[in-house]
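For reference, chains read A, B, C and D in written order, and residue numbers begin at 1 within each chain.
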Amino acid sequence: MAEIYQKEIKLSDYRKEDLIKFYREMVKIRKFDEHLIRLMHEGKVSGFYHSGIGSESVSVGSITNILRDEDYIFYNHRGCNQKIAKGVPLSKIYGDFLGTVEGTTRGLGAGIVHSADPSRGVLGQCGTIGSQFNIVVGTAYSAKLRGTDQVSVCYFGDGAASREPLHGSLNWAGLYKLPVVYICENNGYAISSTFEETHSVREHLADWAWGYGIPSCVVDGNDVLLMQEVVKEAVERAKLGEGPTFIEAQTFRHRGHFEGDAYDYVDKAVLNDWKENRDPIKSFKKKLLENQYCTENDLLNVDEEVEYEIHAAIKVAENAPLPEPNRIFEGLYA
Amino acid sequence: MGTAVKVKTITMREAIIEALVEEMERDPSTVLFGEDVGKFGGINAITKGLYEKFGGQRVFDTPIAETTIVGAALGMAITGLRPIPELQFGDFVGIAFDEVFNKLGKWRYMHGGQMEVPVTLRLPVGIAGGAGPEHSQSPQALFMHAPGIHIAIPSTPADAKGLLKTAIRDNNAVLFFEHKLLYGMKGDVPEEEYLIPLGKADVKRVGTDVTIIATALQVHTALNAANTLAKDGIEAEVIDPRTLAPLDMDTILASVRKTGRVLIVHEEPKTGGCGAEIAAQIAEKALFDLHAPIKRIGSPDVPIAQSIYLEQFYRPSENQIIEVVKELLEY
Amino acid sequence: MAEIYQKEIKLSDYRKEDLIKFYREMVKIRKFDEHLIRLMHEGKVSGFYHSGIGSESVSVGSITNILRDEDYIFYNHRGCNQKIAKGVPLSKIYGDFLGTVEGTTRGLGAGIVHSADPSRGVLGQCGTIGSQFNIVVGTAYSAKLRGTDQVSVCYFGDGAASREPLHGSLNWAGLYKLPVVYICENNGYAISSTFEETHSVREHLADWAWGYGIPSCVVDGNDVLLMQEVVKEAVERAKLGEGPTFIEAQTFRHRGHFEGDAYDYVDKAVLNDWKENRDPIKSFKKKLLENQYCTENDLLNVDEEVEYEIHAAIKVAENAPLPEPNRIFEGLYA
Amino acid sequence: MGTAVKVKTITMREAIIEALVEEMERDPSTVLFGEDVGKFGGINAITKGLYEKFGGQRVFDTPIAETTIVGAALGMAITGLRPIPELQFGDFVGIAFDEVFNKLGKWRYMHGGQMEVPVTLRLPVGIAGGAGPEHSQSPQALFMHAPGIHIAIPSTPADAKGLLKTAIRDNNAVLFFEHKLLYGMKGDVPEEEYLIPLGKADVKRVGTDVTIIATALQVHTALNAANTLAKDGIEAEVIDPRTLAPLDMDTILASVRKTGRVLIVHEEPKTGGCGAEIAAQIAEKALFDLHAPIKRIGSPDVPIAQSIYLEQFYRPSENQIIEVVKELLEY
């Protein structure tokens, strides 16, 4: 059965600058999200948006300082969290939402999915959630055949995990001992359905992976350092040719499934508890301050710097032109 | 419908809900399922109230597993139920393609005709506001090549209700394509119960100069274009096939023989769209009645961009239709 | 982890007539198969044929005296074993192979797949192996909704088990507590690939089911009585509304994947061991004789009766006419 | 090919193996996989010897998981490999339909043109002796409606080799349909290396009275019919498009303009087959050159029976072609 990942972590095991970096990255992701929602309210961005607020730690914890540009990720449909942590310039992500030529798709537009930045290992994503399961075994097989130590990280929600291709993917990854790290962002809901209403598991979702002989565990995804530890181990295993790992990161979403969702199917008290007591940024900030790794002021400075960075990025994205209509005829074939 | 029929004005969404409620009340073997179709009422609010009315066994939320949804529907159908599954987006039919194309379509036939497959699969389709390449498609034409599959694609609330009721009662697999931009569109719907047969096209506008064959949202674009053309004295006949399989070629051919000019308009990409088969049949059966080449307008043969700005350059427009009709009249 | 199913079984726990019935059914299946191969060699039957010789016990053990006409099965592509055990008349199965109107498809023809006999719960089968996974949750949901205690049994090979829909199926069956019995006929090969070459499992294939919280076990499929015991328990559970069971029945195939397969990828010694020492019919016969449940002569009589039955069935099937060419235009729509 | 070219006579199977070996030797990033394609050499013996030549990492057996096979090919392709997956039967493309239609076809475009998708997916198709409704189909026409997908469908050993080599080198997704009854068919193949471009039809027989457009096995049926017709003084031009996407309409239209009479022959069911799109384009671009209706012959619009006796009534026959050509000449 999948183990519950636990570990005593001392802040002093980390360099101060890295701790601040984790904080900064999480704040960047959250502010990116908040400003995107603002842009939606201002009528500048249309389509679906799935806010990633509440699980910034899953992305920063699994990417920052761990993955290199040459490592591949398949992000999921919730938040741009992973793209940002992987270093895709903010102006380019905003550009995709705004449909300007600054976007990674050079004006075709992209929502959460379909942004890509191959130079940073961000290989795009499917509109059909969970379809990354079978693509990721291809990127991992490719790395192995080419003799590199590139790792492929596959993000997905608990809902996406019910898609059939998970089975084909776990079997291949286990069989060929592929360097894949599966990270399930289990926030307990798939749109309106609770985890219990749509999943049959022995105890945890990660138990599904257990039967394949794949190391699997459940972890508190809202603890950025715990995420760091568990993912570092998985990535190490992948690089050493020891095969895949399956991590179920437990988290919650602060907002509805998409912007506009009434979100009335979630118990207010439960939601509030997550917001108040398990917000990954708040908790981490508290820990930093309590252990006197920095002052309230230091962090305010970070917040302000990030805020500035975001504004600058939005300006770049907004100032870029829309594409010519014939943009739609470009790029179908190589 | 005759003038004596009492009507009410409702949206296509309301018309579809009415059809579902009436048929589920009528036949206790009906069962409706899909992602978020229960308490939540469906992401397009098409199943609102059904869970409360029919209970959690007959209206249930499924895991996110489209292949299983459609396969399970087949299993239910051949054992006495009348399933009405929904895919959240019609684009996802690709995930259950084998189940639709090879199982729903062929199960009865390939097992010697011993079983019935009364499945109605609902598929919301169409470009509808920045949803991108995998949430905006109109994949219906693919299934014209699928023996055993019926295809309904209504353009008005009245057609949607009458066709859906027929589809649910039909003992064969029906794919029911609903254009998302039509959900909120209003129209007159008879107060009394009625059914619309599969395989009967509807002449939405009578005309003598050109035949425009259009489906779903494009029926309205074509009607708008026809009204504009009328100001120039050009009378277009607008035909809505309503079902692509069975396809009512009699109505289409009768119109073509009258006008001698044909334009087919659909939202799916032009190449391989429903216009291909319709044009081919016309070229086989009414060639010498034609005064002009057969024209088709579809979306360009490229994936649909996510940008709402670019999106507008896909869907056939009133202007495009007007232009091509005028071209046709020059012959 | 999936348990290894073991049980002390005394022959005396069974009625003598049932023991003879098991023997008769297994012999019937084997002789059916041998005669079909003869018909192929005589050029009367074309297409693929996947012989079921060597695993008759899996089918008889799981069907005879356990399943009723109203219980559903989805047979697999190996052998007509399950159809015969479920009672489909032999003449009708031969008729499908010969393409005469005696067949269940009334002349359309069918190979192993596409015969159907709904009156006996034989609902047909897919040409794409493993696609029964998602159909069977539908038949089981249907039985549950209609308030019957009908059980749905799903047969498949180890190879088919790697298909993606297994995941969707196990999740649904576990979630809705559906009356499904999964019976994996694990013969160690999928065409030329060994189990180990194409499967990643903790220890057994049945471990895949374990993660869903579905009772699962591994059993010696070539012991007809052990199969009876394990399946009886599973069917009982299903009827009581306690949900699905996953049984991995280990067996072997005596012949190549299809008739004509050189079958040179299997170690001769291994094959011989299965044929000599683990043939389900031989072993069962030996047990019956050793325990003096019957005489060699009794069994010879059974063999002869069955042989006669088979010949009669073939005659009926062969004497029936081919359909009219326009048969192909019948039965597409209801 | 010119007369100076040195040729050898080999089967299409041998031609395909040659193409695979040459391209895998040429480019170490090629990788070939599928069910039983390794040591076993493929159930159609198309990959015999490759495992021994290129090793188990570049030629490998996969689990039975078609969705994963195609999805993995995409992942390999966008990270520097050049995958050549095989599905054991082309019918199984339904299981990987979303992966082909929406992923292979759109990945490059929908991510702004930043990646390349050099996948060649091999798909054995066709009615070939009692294999039944799910192992006998010819699903190629569906993909004419799939932006971003190339479709090759050779009819001779020479075309198969030249097209397959091009497909493998091409940086886009190519579906490569191989009719199983052609594997054993012999033909002349140049000794020297050569490539055949995608999008270039081949006039297999020159004629003046009627244009027959045919694919795969039907090219041979059409050629046989043409030879029979020649005895009656009727000269049919037989065109093999060789690729359905890109589709060489120039060659087709030039022929139609010359003969004024068109028959399209394919093994897939008539409705929605490749003939639909080809006929529609002719009716749009060469209507006034036609002296007769555009005719199509396909299999009937029903699933393929498993009986080898009935099977023969599906595939278009020489007699059917002759009959329709004579009918066309009466106009």
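Note that in this section contacts are C-beta pairs under 8 Å (C-beta built on N, C-alpha and C of every residue); 3 or more make two chains touch, one makes a residue touch a chain.
Listed by chain with UniProt protein names: B, D = Alpha-ketoacid dehydrogenase subunit beta.
The structure displayed is predicted, hence computed values, not measured ones.
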Most remote chain, CA-based centroid, reference being subunit D: A
Winner on C-beta contact pairs when A-D is weighed against C-D: A-D
Distance from subunit C to subunit B - Cα centre to Cα centre, in angstrom: 42
Whole-Å gap between the CA centroids of subunit A and subunit B: 37
Per-residue multi-chain contacts in subunit C, two or more chains: 105, 108, 110, 114, 126-128, 162-165, 167-168, 171-172, 175, 198-199, 332
Of all residues in subunit D, the ones touching two or more other chains: 62-63, 65, 67-68, 91-92, 94-95, 98, 102, 109-110, 132-134, 147-148, 302-303, 306
In the complex with subunit C, residue positions of subunit A that touch it: 162-168, 170-175, 198-203, 207-214
Complex interface listing, subunit D residues touching subunit C: 35-36, 38-40, 43, 61-68, 91-92, 94-95, 129-135, 300, 302-303, 305-310, 313-314
Contacting residues of subunit C [partner subunit D, same complex]: 46-48, 96, 99, 105, 107-111, 113-114, 126-130, 159-160, 162-164, 190-193, 197-199, 265, 322-323, 325, 327-329, 332
Residues of subunit A defined as touching subunit D within the complex: 72, 103-106, 108, 110, 114-118, 123-124, 126-128, 131, 133-146, 152, 164-165, 167-169, 171-172, 175, 330-334
Subunit D contact footprint on subunit B (complex, rising order): 91-92, 94-95, 97-98, 101-102, 105-106, 109-110, 132-134, 141-142, 144-148, 245, 268-269, 271-273, 275-277, 279-280, 282-285, 287-288, 290, 292-296, 301-303, 306
